[in-house]
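Think of it as A, B, C and D in the order they're written, each chain with its own count starting at 1.
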Amino acid sequence: MSDNTFGKLFRVTTWGESHGPAIGCVIDGCPPGMRLTPEMIQSALDTRKPGTSKYVTQRKEPDEVRILSGVFEDDRTGGPVTTGTPICLMIENVDQRSKDYSDIRDKYRPGHADYTYEAKYGVRDYRGGGRSSARETASRVAAGAVAARVLDRLFDGAVKIRAGMVQMGPHKVDRQRIDWDSVGDNPFWCPDPVAAQEWEAILDQARKDGSSMGAMIEVVAQGVPPGLGAPVYGKLDTELAAAMMSINAVKGVEIGEGMNAAALSGIDNADEMRAGNRADNANRPRFLSNHAGGILGGISSGQDIVVRFAVKPTSSILTPRQTVTRTGEETEIVTKGRHDPCVGIRAVPVGIAMMACTLADHALRHRGQCG
Amino acid sequence: MSDNTFGKLFRVTTWGESHGPAIGCVIDGCPPGMRLTPEMIQSALDTRKPGTSKYVTQRKEPDEVRILSGVFEDDRTGGPVTTGTPICLMIENVDQRSKDYSDIRDKYRPGHADYTYEAKYGVRDYRGGGRSSARETASRVAAGAVAARVLDRLFDGAVKIRAGMVQMGPHKVDRQRIDWDSVGDNPFWCPDPVAAQEWEAILDQARKDGSSMGAMIEVVAQGVPPGLGAPVYGKLDTELAAAMMSINAVKGVEIGEGMNAAALSGIDNADEMRAGNRADNANRPRFLSNHAGGILGGISSGQDIVVRFAVKPTSSILTPRQTVTRTGEETEIVTKGRHDPCVGIRAVPVGIAMMACTLADHALRHRGQCG
Amino acid sequence: MSDNTFGKLFRVTTWGESHGPAIGCVIDGCPPGMRLTPEMIQSALDTRKPGTSKYVTQRKEPDEVRILSGVFEDDRTGGPVTTGTPICLMIENVDQRSKDYSDIRDKYRPGHADYTYEAKYGVRDYRGGGRSSARETASRVAAGAVAARVLDRLFDGAVKIRAGMVQMGPHKVDRQRIDWDSVGDNPFWCPDPVAAQEWEAILDQARKDGSSMGAMIEVVAQGVPPGLGAPVYGKLDTELAAAMMSINAVKGVEIGEGMNAAALSGIDNADEMRAGNRADNANRPRFLSNHAGGILGGISSGQDIVVRFAVKPTSSILTPRQTVTRTGEETEIVTKGRHDPCVGIRAVPVGIAMMACTLADHALRHRGQCG
Amino acid sequence: MSDNTFGKLFRVTTWGESHGPAIGCVIDGCPPGMRLTPEMIQSALDTRKPGTSKYVTQRKEPDEVRILSGVFEDDRTGGPVTTGTPICLMIENVDQRSKDYSDIRDKYRPGHADYTYEAKYGVRDYRGGGRSSARETASRVAAGAVAARVLDRLFDGAVKIRAGMVQMGPHKVDRQRIDWDSVGDNPFWCPDPVAAQEWEAILDQARKDGSSMGAMIEVVAQGVPPGLGAPVYGKLDTELAAAMMSINAVKGVEIGEGMNAAALSGIDNADEMRAGNRADNANRPRFLSNHAGGILGGISSGQDIVVRFAVKPTSSILTPRQTVTRTGEETEIVTKGRHDPCVGIRAVPVGIAMMACTLADHALRHRGQCG
């Protein structure tokens, strides 16, 4: 990972600001010969699109993706395929409404990167947070759709990534009720339909109160074979932690037992092993529990890979907060505009995308080193 | 970060296995002209050395570091200084006792990387965990001592990194009693002297029970100026998360409010700002709270940088656990040997080292891009 | 350098195919606060634009650049400035005439990458060479214009890069007549006005003969301070060699004395030193010759940096050449289309761009490590 | 490539100074399960060892390599094999004779990096050139031996790398007499036995004259399959150019026709293709010539890969040369010590090593991206 690029063999570089003419990404290192249509990317993008429910920003962005390079209508395979060269994806910014943001030019919004960008660069694109806006994550979701194709190709469809919001504010799902197939049925990507129902009123109230809510997202990758990852800084968990922490507003990342591992004893935490189902997987052991979250020594074990991350409550709220101006004068700010009352909601597809990109990269790296 | 290297301008590559002839690291990109003696590194190494109390492994390793390159006795400055070329540090493995480990050659230890290394590479150095052993972290601590020198030089001694164990098993410190200056006074690097006292009996008991305990480590960097970090994958928090998650046995990483951010409302989570103390820092704002942990949009804000990470309980325990052999036979294993009953203890100096390396790297990168 | 990215702190990733919708690049790591207008980039692009003389391809491409990100109209500095975030530049392909190329879909053109792309990727965008087309170099020239701004800023305008064609086919310039200021006065970027005059008829004849001509380009950077570069693989000459060799059709790169260094004796090759002009440069020595081409041990010496590279004759010629089809049938090919009779001509601005990018990157890296 | 590391999947980081305690390298990313003994590396090292003939430095260095990590005595394969973890190789410096160099502490030697290191870093290890000494290339040769094992494994022994000195000073070999199998029979690694005989007296005379001689080295890789390399900065020729230019004293690099390509016409330069030998290689075409040197569009074509590089004459000569001191006083210097009269000789095994490392890296990268 370096500044605006992540990945090593499957490398994604994103570019663009919230209110510039466009945002996008360049994917370098994608395997050739994979069928890839704009629709495949578009359908992923549509999952994080603004304006899909009243619980996300009402900014009207069609988020239409264009593939500018790296794909060619191959006459032999009868369709658009990746050529192995860089894939540039572009999404034009349509509904920019710059004037909404003009009054924040001179005030630092608490919880935003206004002050720190200015401290670092001496200049900032204040319109909608510029580069620090969560709008950048649209590019990640687009790249994630390509990564998902890589996983499909490499593992013949065996890898499946599920994600959902498992906590909103202090309200957690009931893990007994988790049904990943239901996440698309509610506006929260919540895998517990009962909780999802309850959260509607809670989030409505938070918004009425001029506030916002934090959230916890869980991402699970099923079907990942053992052997992906590498010691000691290229560990799969290391790079998943980086991938998730790089998402806007994320303040913590857990693998498997996560922070709770601190509270456990060695006896309780052990994931014991039994002989696997030989029919399927020769000598692959069967684990009796998954405290490890599917990763041991930085390398996948063949169990489900389980990652959770915490998203702080949206910093843009209607309740006035104390702040200062660029010239150091004390003042207050109320952040108007079209903001998500719980940014965690739209972080769900982003978490999927980051998981897909990280796994695709590691799968290619593994193939490179180990064949 | 890539496989065995981390950092971008201050790059650390570690090498070596637990029971090979030696371990060490190569530091590339270190600024020239910095005084650097073996003693400066040795004193850091001594903080994570085995055998310093009954709560850490009794393996007898002097951990004497040799500087093999990159430092020269400059006749003008009158002492050993860095030359800007790669610094290779080597620590010989002395007390290897390979025979202790011969019986684990054929069994996968639960919680260890035995199975996953074998799944990935088809071969593994089973002696003491080979490359996956926490012994590798000695190299990190050595590199961290060099990084600390870089910070001293760049920030004239203003950056101070504190760390300690703030939770052992379910037992947390009382945050009212935290005194960072006391961490060296007890075998746990615990900043709460009362808790430290209580933990002794608790950990003794866990060991007698053939078990082990998890831990939570907190690392705080004080005096870091605003402006370090970069969007959007080179974020300071992204790379700190990676740095900490790469430490053996770590299962979760938090910045500031961390996982608890999910439970907060936007009103409560806002770090409001007031005008700073002009005498000191011109227009630098003063924050009224630090939920953000000193990082906004991936860039340091000038507040304390606060990172916590959870270390799982030592997997090597004396209670028999079910497992399988390399050939898939079901069996049990008791991991004898000289193991830390709470690996979190020795993770404290490693956390300091990773913080120092990450900050040094970002400080150089910032200077490179922004002058 | 890695696949489609070059540079380390000033990183340029290019994307796009000859006949796709657009080409472009993403520049990451650019210093903030630098004035940057589309015109600054456009004027560089215009120097390599197709159709400027009868000696370059007649493809009609306006090569209009759009800045999609990384620049903001700063109200304080009164104009567009870099913000330190990724700069995405896009050039739409207008005059694609895909049908010109449809007959080469099934035949491998000698000297082109048709066969090797197919061997590597199993698929290729055959239209105009796809990714392997020299059209990609427009993106480099655009990036080079930004790099030139970086050099201006860092060295206050002291660094000046000159380049020209010093040989066409077997015909070399007379080095006594070299006048760098005259390169813009002829269609060859030739610094010897007499040679330029003679080359017109020679190149006309080559084209009439259904052939093409090779060329030698010389790039000279004046005013580079001592100290840029780094041992041992990040050497300035190493990275300049890579930069130039990466340009389409380049088959050799020389620094200073170049290949001729093999023929020299140690006595003749020594660049002796005398005391410098103290008024200007304190202790900086004055060199009595420049066999080294301004680089010693991979680090700039303060002398002119002199690089030459050989460009092979255009492979697309009207004389039939033997080849095979994708299915292995023997055949002949005549490469019609709008081709440069001497691709070396348009390599001149590309050489300048690669020099600028390499120097800008090294200047930032030097500032990062050494302050 | 970045500073002291080269390669992307097969990454080599070298460290160490000419007169420090040791030199060495860390190889990260090596495939696991490859048999690797110290003897395999030692036999490569012995080819560039000092003191093997009167034409190379008489410094007495046994150059004994130790493998410090990354290899394990696997009980199943019955021998030492790579484990996939970093391989650290160390060579102790034995015959350092630091006092020989003490008088050059204050004078800049023409043609050496003394002045530029000082200009960059403000400090330098003046003993034998420190980091800029060609002694560093021993580490490359050691790494190259490991890379050769990778190639053997990946291509089942089909790739063979030959190299030799094809020119010394102005004296070239007769290409009709080239016999690669004879290079080991003379002290010059010259493939023309007649020329080798003549060069003895010539080099003796140069040394008696207090001078030294330049050289041209040719490296040929046979049996490389088509498809290695990548557009547009990861080109195989780009990275070979970088690899060779990074060798001490190299001033120019050519692929295939090289600098001479500038003088050719398109008709003459075309490498025409005919149908291949179907028995062997299905549709792989047969080329009628190899002006391209085995690389088209940055990707191997299956032909021999042909690289040449020019090595300048040894800068350390007994004839006094004018120079200045660190404090700017004008003086003369005679470089005594034990120097190679033609450093090109020992550059031959280094060229082989760099070719092997570059090919191994590209082969792994290709496998990663394209399977």
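Worth a mention:
As a working rule, a residue touches a chain if its C-beta (ideal position, glycine included) is under 8 Å from a C-beta of that chain, and two chains touch if they have at least 3 such contacts.
Here the structure is a predicted model, which is why all the values come from computation and not from measurement.
Comparing chain pairs A-D and A-C by the number of C-beta pairs in contact, the larger count belongs to A-C.
Taking the mean Cα position of each chain as its centre, C sits at the greatest distance from chain B.
With centres defined as mean CA coordinates, chain B is found 26 Å away from chain A. Centre to centre, using the average C-alpha position, chain A and chain D are separated by 45 Å. Centre-to-centre spacing of chain A and chain C amounts to 38 Å, using the average Cα coordinate of each chain.
Contacts with at least two other chains are made by residues 2-5, 14, 29, 32, 84-85, 120-122, 131, 231, 370 of chain A. The touching residues of chain C, counted against chain B in their complex, run 9, 29-32, 84-85, 231, 364-365, 367-371.
Every residue of chain A that touches chain C in the complex is listed here, in rising order: 2-5, 11, 13-17, 20-24, 26, 28-29, 32-33, 66, 68-70, 72, 74-77, 81, 83-88, 90, 105, 120-125, 130-131.
Those residues of chain C that touch chain D in the complex are listed here as 1-6, 8, 14, 108, 110-113, 115-117, 119-122, 131-132, 136, 167-170, 206, 209-216, 226-235, 237-242, 244-246, 248, 251-276, 278, 282-285, 288, 291-293, 295-302, 308, 310-317, 319, 321-324, 326-330, 344, 366, 370.
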